[in-house]
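In what follows, structures are represented as structure tokens.
You will see subunit A twice below: alongside subunit B first, and alongside subunit C after that.
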Partner chain A sequence: MIKYIVKRLLLIIPVMLAVSFIVFTVLRLGPVDPAQAYLLNSRIPPTAEALSVTRAELGLDKPFFTQYALWLKGAVQLDFGVSYMTKRDAFGDLMYYFPTTLKVTFLAMIVVIIVSIPLGILGAVKKDSLADKLIKFFSFIGVSTPSFWFGFLLIYIFALKLNILPPFGLEGISSWIMPILTLGLMSSAINTRITRTSFLEHINNRSVWYLKVNGVHKNTIMGKYVLKNSMLPVITSLGMHFGELIGGAVVVEVLFALPGVGRYVVSSITNHDYPVIQCFMILMTGVFIIVNLIIDIIYVYLNPKIKYGA
Partner chain B sequence: MKKFIIIFFIFLLSTTVYAQDDSTLTIAWPVNAGPVNPHLYNPNQMYAQTMVYDSLVRYTPDGMEAALAESWHISDDGLTYTFKLRNAKFSDGSPVTAEAVVMNFNAVMQNKARHSWIALVSMIESFSAKDDKTFILKLSKPYNLTLKELSVARPFRILAPNGFLDNKDTSKGIKAPIGSGPWKLKETKLGEYDIFERNEYYWGQKPKYKYVKVLVLPDANSRIIALETGKIDMLLGEGSFTIENFVRLSKNKDIAAYKSEPRVTNMIALNTARNNTKDVNVRKAVMMAVNKDNIIKYILLNQEIKAEQIFNPELEYCNAGIIPYEYNINKANEILENAGWKKKGLYREKDGIILSIDMHYIGIDPKQKAIAEIIQADLMQAGIKLNLVAEESTIFYSLQANGSFDMIFNKTWGPPFDPGTFAGSMRKPSHADYQAQSGLKEKAHIDNIISELIISDNNTFIADKYKEMLNIFHNEAVYLPISYELDLALVRKDKVKNFQFGNMVTEFMLHTLEPYND
Partner chain C sequence: MKDKGLIILFSLLAIIILSAVFAPLIAPYSPYDVDITNKFAPVTSSHILGTDHLGRDVFSRIVYGTRMSLISVLATILIVLLLSLIVGSIAGFRGGLFDSILMRICDVFLTFPTFILALFFIGVLGVGLINVIIAIALTHWAWYARIVRSIVLETKQKNYVIAAKCLGSSRLKIVLKHIMPKVLSQVVILATLDLGHMMLHVAGLSFLGLGVQAPTAEWGVMINDAAPYIREHPELMLYPGICIFITVAVFNSIGEKLRDRYDKMQYSREGEI
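Presenting the complex of A and B:
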């Protein structure tokens, strides 16, 4: 197992290199000149002189491979360059904004787990009852509701009409409620369905009948056998939802004015701010590789029959 | 478990809460103010630069007025400007001296290419401090827009010597944003807010508020909700909210809605050098086929004023006595028919070529899109096929700069740039106006007119030249003026009083505001 983990960790290096080159190249294939984007953002008419000064200042006047080599040299020392728009260190800024995004994502993930697993199990255990129908209805509505719309609805009700929650910003616990509900709704709905289906699959398994026939207590069967086995697809789904939640965080960060990385990166994309986009892509590649690795390790814990690298 | 719950709540609470009181004015802006370097552009926000720094003179629609310079004198040949500085102090208590002004001009001129958009930079020959309070600026040729260009938000605002880095090169950054304006930057929290504090050394009317807190709210809807819920006291500035929200909130009893005098002209430039818009008859037909009243009423909700020429006739020298093209679809059809554009089905054709025009707009700008769609429907009535092309904003401006358009949205720069500085920019190929006019046989003449009028000190001569230029634009149908845009502001009546607009789009007169309960 250790050998497998080390191998997977070593694989990060070539993957990162490949991703960095692809991102660096693709960004420069577009028709947009970031020097012009900078000048327009500054509300300066892009005269030929101003464009040439700005290109030199942003390092865009050098040949492509020189630009890549210089960037790579810095990147291995965690110097991903200076943002074209904010003139601040891209890596430093991303690290500044990351905690808010991680916090909102982590809290939304907790909501997803707290809501979806009990509801999914309840739906499966009480199949076709009123509770199951209500849970199915919740899943259906949750999956179909766009998060920005749900966010606006929450703001309208709780901030504008009832005035009991702050509409935006970071003003203590209450300001996190609407963002995490907005972010967690869709994933909760999806995960409830997955949990219910997986639980139903295992509840009807022949091994469960065998346990029942042998007089094993119902709670032991559910807790020790069914729950544990039915969690494998749920864990996979949660792993995928982690990425989805980080992506979805952009919407809540803009909507609720949270100083998170999603909002920062989206504005960087709009402004063609290459250093920030490159740095973000590299960081996210690393995060996804590590999250996937953790999920794979959890698999082994849940099902010791799984063997990697055998 | 208990321990976990405590940690969990500490984790949630780990966020800053800023105490607010009556002496704090709270507004919102999409991004942080930046380092507030007076000589640089993004990320330095112009509203912050005008709050923190003074210019030598201040623009007003009735003429220039004293700012850091209490008086000035222009030599007879128009080449030497002598500024007498007032007894003012920077926010760190150090005195404003002519030597400090020289340091600032040095820093600006060291990075001349960066500021090439402002014509004054290319005309400055030298500058010096005659004595502690006298600053002398010498030009290579007379330029009657000198004072106006000195008054804009950047780059000619004055940083205290203590704010410079040791190398005195502000293009590399500044040590601290120390100015002589009514406010000083107190605190910045990235992605959350900026706090400005009253400058106790300010030479003019001291702000009534002790602090201005500017929340960073990137989303326009969040800004409106913030105002409605009383989280902010006021919203102003270009793009801060939509016209629809302005109209809606102007009916709210708690909110006062203000409109400024007309600021900029929104128009569509027609390329006289390209495809079917080369034909002056087509351009004239476009002028007559578009029903601007509908645009003003249904898209701009009567919050902008119908425009008939590129510069508002209310502006100095701009009342050119032009008789506007009236909306007349029959006349538009007649002009095209006589010019050989014959109707075949929905659209007209000439020599086998369909009368089709490409019009570019910024894809994410709902106002431009809606106006473009109305124009498309109107032109169809004249047998003109208008192809609407949505563009990413940087690409949109590239098209303007390289002339790859038949019709494109365009706007003037507003005060103090209109009409002089904007007209001056028409001589540069990187401008949509240059490209749009480039097919005119009078283009070289227009450029000469502009070059002459910006150096003249004879008002009659200048007015005549503007009249001639504006008449050429009108007769050649180069621009389809749409509207004169106003600045809009929404202010909570229960929180703030004494609101007034600045004289420039970027000048927020926050120092004149008072808390309502004072």
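Presenting the complex of A and C:
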């Protein structure tokens, strides 16, 4: 097991190198001239002279691979360059906002887990009952609702009409409730379905019938056999949901005016602030890869059929 | 075979498509006619859903919004299908080095979280509807390419394909005539299931101000426009939201029905070939 974990950890290095190279290259393939973007962000008219000075300053006159190597050398030491907009360290700026984003994402992930797994199991165990129909209805609504619109509905009902939750900003624990519900709705709905389908498949498995015939108690069958096996596809899908959640967090932060990376990144995108965009991509993808690694490890732990070496 | 649900869904879909096509005939006003003196007009016979903060007719904007939403998702899915069919069938049919290289490229695309990658592409390409379409297509195609490849690999082994090969059909003919129909029938179902999800992405990007720009009549933009007036005029936000919800729900439900039907067909056909 430890060998497997070490191997997977080492594999992160080439993946992150590939990610960094692609992010760096694709940004430079775009139609935007970074020197011009820099000058526009600094409110300096982009004359030919100013452009060439800026190019030299930002090292844009060097050959492409030298630029990448220099940037990578800095990035390894967590120096992602200076933001064109704020003229501050891009990594420092993002790290100021990043904890909030991570917190929203993980809290939403917890919501997804504690909502979808019990609902999915309940739906499967009481198949075709009223409860099952309601659960199906919930997941139908959840997958079709635009999350930001759902957020506005929550704001209108709970903040403006009932006045029990703060509409935006961070004022204590109650401020987190609406953002994480908004963020978690869609993934909860999808995951409820996945859990329900997977649980149903395992309940109807022949081995369950044999266990029943052999007089094994129902709770033991459910807990030991069905639950454990049916959770495998659910665990895999949680990795996918994490990607959706961390992306959705950007929207939710803008909506609820939370001090996460959301607004900062949106303005860095509209202003072509390359150092910030690069750092943002590396951070987000890095977290996504690490979370998926953890999920894979849990998966292997639960399902020893998978050989560690493969 | 009669399926009441499917009939209702297809009628809803027809209404959505018709209102997009005939928007100028259905909408009583231009979606861009500003009339500041008549802002936030209540629901009357001349403005069936009232007017917004610039006095524009909400109903007309909703009808025109259908166009933007449909065009954007259809364009996206077309690019996705085209890219994934080409890449997936080359990888699956040719195999070898081609296959490994193309699949590694897909892996790279799948390493990034979808929405974050879409944000990145907009950072590269700039803001606007066309760029949003390209960005969302680029973030979704890799997953389809993998599925196309696996179906091609599976179909390649079938006896009728081998028979066609023995009879001397050209590679292109085998792919287009014998393999593509099988691939398309499955991929189109997946695409229908995904349309709604893509539409939500488009709306989300519009909401962030990275997609369709005001004053264009688009549902995401309308929700964004209505946000500052949510306390006094929540209905302005309600209408476009409900439209997005219904359209996405219709796509999702049709996709599911088609998938269920396809699964049943596969099940009853098992053992045939």
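Points worth noting:
Operating definition for what follows: the second predicted complex is superposed on the first by the 275 of 310 C-alpha atoms of A that agree within 3 Å, B and C clash if a C-alpha of one lies under 4 Å from a C-alpha of the other, contacts with A are read in each partner's own complex, and residues count from 1 in each chain.
We adopt the following convention: a contact is a pair of C-beta atoms (placed from the backbone, for glycine too) under 8 Å apart; a residue touches a chain by one contact, two chains touch by 3 or more.
Values in this document were obtained by computation on a predicted structure and should not be read as measured data.
Of the two partner chains placed around the shared chain by superposition, neither subunit B nor subunit C is touched by A:72.
Once chain A of one complex is fitted onto chain A of the other, the partner contacts of A:93 are limited to subunit B, with no touch recorded for subunit C. Legend: residue contacts after superposition of the two complexes on their common chain; A:22 is shown touching subunit C, with no touch to subunit B. In the superposition on chain A, A:244 makes contact with subunit C only, not with subunit B.
When the shared chain is aligned, subunit C comes close enough to touch A:284, but subunit B does not. Contacts of A:152 after superposition on the shared chain: both subunit B and subunit C are touched. When the shared chain is aligned, subunit B and subunit C each come close enough to touch A:160.
By the touch criterion defined above, A:168 lies against subunit B but remains apart from subunit C after alignment on the C-alpha atoms of chain A.
Touch criterion met: A:36 reaches subunit B, while subunit C stays clear of it. Note: residues 31-32, 152, 155, 160, 254-255, 272 of subunit A belong to the subunit B contact set and to the subunit C contact set alike, using the contact criterion stated above. Subunit A contributes residues 15, 18-19, 22-23, 26-27, 29-32, 140, 143-149, 152-153, 155-156, 160, 186, 242-244, 246-248, 250-251, 254-255, 265-266, 268-270, 272, 277, 280-281, 284-285, 288-289 to its touches with subunit C in the complex.
Residues 31-33, 36-50, 52-54, 85-87, 93, 96-97, 100, 103, 152, 155, 159-160, 163, 166-173, 175-176, 254-257, 259-260, 263-264, 267, 272 of subunit A touch subunit B in their complex.
Contact residues of subunit C toward subunit A in the complex are 108, 111-116, 118-127, 196-197, 200, 203-204, 207-210, 220, 223, 227, 230-231, 234, 237, 241, 244-245, 248-249, 252-253. Looking at the complex, you find that subunit B touches subunit A at residues 9, 11-13, 15-17, 31, 34-35, 41-43, 46, 111, 113-117, 189-192, 215-219, 221-222, 225-226, 228-229, 231, 392-395, 397-398, 401, 425, 428, 430-431.
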